[in-house]
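Next come two complexes, and both contain chain A; in the first it sits with chain B, in the second with chain C.
Up next, the complex of A and B:
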């Protein structure tokens, strides 16, 4: 199952609910304002680091770059993907659950 | 006809920015209203609080070929001073919980702590929230 999160963790609890309720081994993709969760230095960093032990965690690079961040700025263990990588995640993981 | 309403009508306007850019349209809309409002010679301040701090992060890259293909409006913050919009404030706590420093921002700002920000808001005639 692919879990997607597109809201800032500072503004909405979508990321919290996603991490709490997703089955172990899920792929979790942060995109749009969700990408702020995947960046080093925020108050969510330790929580995301822990999540990488349980899930495959991804962040959409074009959304990171739009907001002034680069691939180097994401937390270790989080992989960045481009749009075709997003498509691959959808194709490879079956159902998509969107945490809005 | 500048003096038609008298000097006493200059009001303190605060634009309160609390949303991240691009994910919603609030940030861009706020900037548009600031630019329109600049024609009215009021006492204007901009505050960046919560995810609003992300609006003025450096190095936005929204190019069409590999990016999100939206207009990068962050450079517009740098021309605000040409419109006599020179008072930009950022809440220290919002910046810190996002791991940001003054060096990450595209414009010079004054950093305020929570109490100073509250005081700034309290002294306004009008607060426009975005």
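Up next, the complex of A and C:
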């Protein structure tokens, strides 16, 4: 399954719900304001690092860049994708759950 | 692969309309098929032909219309959500006794059954919204 999170963890609980309830082995994509979860140096970093053990974690690069961040700013173990990669994630992972 | 897209958020609000558009475009450019784009809740405002963004800003409505033209997309606006928000095509305007309609080219008004059908017929349903 692909889980998508589009809200910042500093603003909403979507990321927490997603990480708590998603089945192991899911792919998790952070996009829109959700990309703030994937950036190094925040209070969520250790939680995301832990999540990479259970899930394949991705962040949408165009949304990182739109917010002044680069691929190097992303936590180790989190992969960046573009929209084409987003489409592949949807195609390859079965059903999509949007944690709105 | 067949994709269906659901848009729950209005244009120029947060980012859902933009994400949905960029994703839909990427799906098509990769050679997949879009079965339908369904506009629900505030998402129906993506279909207003009276939208006038500043000239240096993206025109979200025209962008959908152009993409629909290029790829022959089925852009469906939920009728109940549309009526609540004053989104009407010519038929609905006539039926409700209104003096104008505002549905942009390339969109059509229909019911929730179209969303259910898209969920059944498409291999993937991707939801964008708040």
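Keep this in mind: the second predicted complex is superposed on the first by the 100 of 100 C-alpha atoms of A that agree within 3 Å, B and C clash if a C-alpha of one lies under 4 Å from a C-alpha of the other, contacts with A are read in each partner's own complex, and residues count from 1 in each chain.
The criterion applied here is as follows: contacts are C-beta pairs under 8 Å (C-beta built on N, C-alpha and C of every residue); 3 or more make two chains touch, one makes a residue touch a chain.
No experiment lies behind these values; they were computed from the predicted model shown.
Of the two partner chains placed around the shared chain by superposition, chain B is the only one that A:39 touches, whereas chain C remains out of contact. Of the two partner chains, chain C is the only one touched by A:96; chain B is not.
Looking at the shared chain after the overlay, A:71 reaches neither chain B nor chain C. In the superposed model, B is the one of chain B and chain C that contacts more residues of chain A. Of the two partner chains, neither chain B nor chain C is touched by A:1.
Residue contacts after overlaying the shared chain place A:21 against neither chain B nor chain C. In the superposition on chain A, A:11 makes contact with chain B only, not with chain C. Once the two complexes are laid over each other on the shared chain, residue contacts for A:84 go to chain C alone; chain B is not touched. Looking at chain A, you'll find residues 6, 32-33, 62-63, 82 touch chain B in one structure and chain C in the other. By the touch rule above, chain A contacts chain C in their complex via residues 6, 31-33, 62-63, 82-84, 86-88, 90-91, 95-96, 98, 100.
By the touch rule above, chain A contacts chain B in their complex via residues 6-8, 10-11, 32-33, 36, 39-43, 45, 62-63, 65-70, 82. On chain B, the positions that touch chain A within their shared complex are 19-24, 50-51, 54, 57-62, 66-68, 70, 72, 74, 97-100, 104. Residue ranges of chain C in contact with chain A, taken from their complex: 1, 3, 8, 14-16, 19, 22-23, 25-27, 29-30, 32, 124-130.
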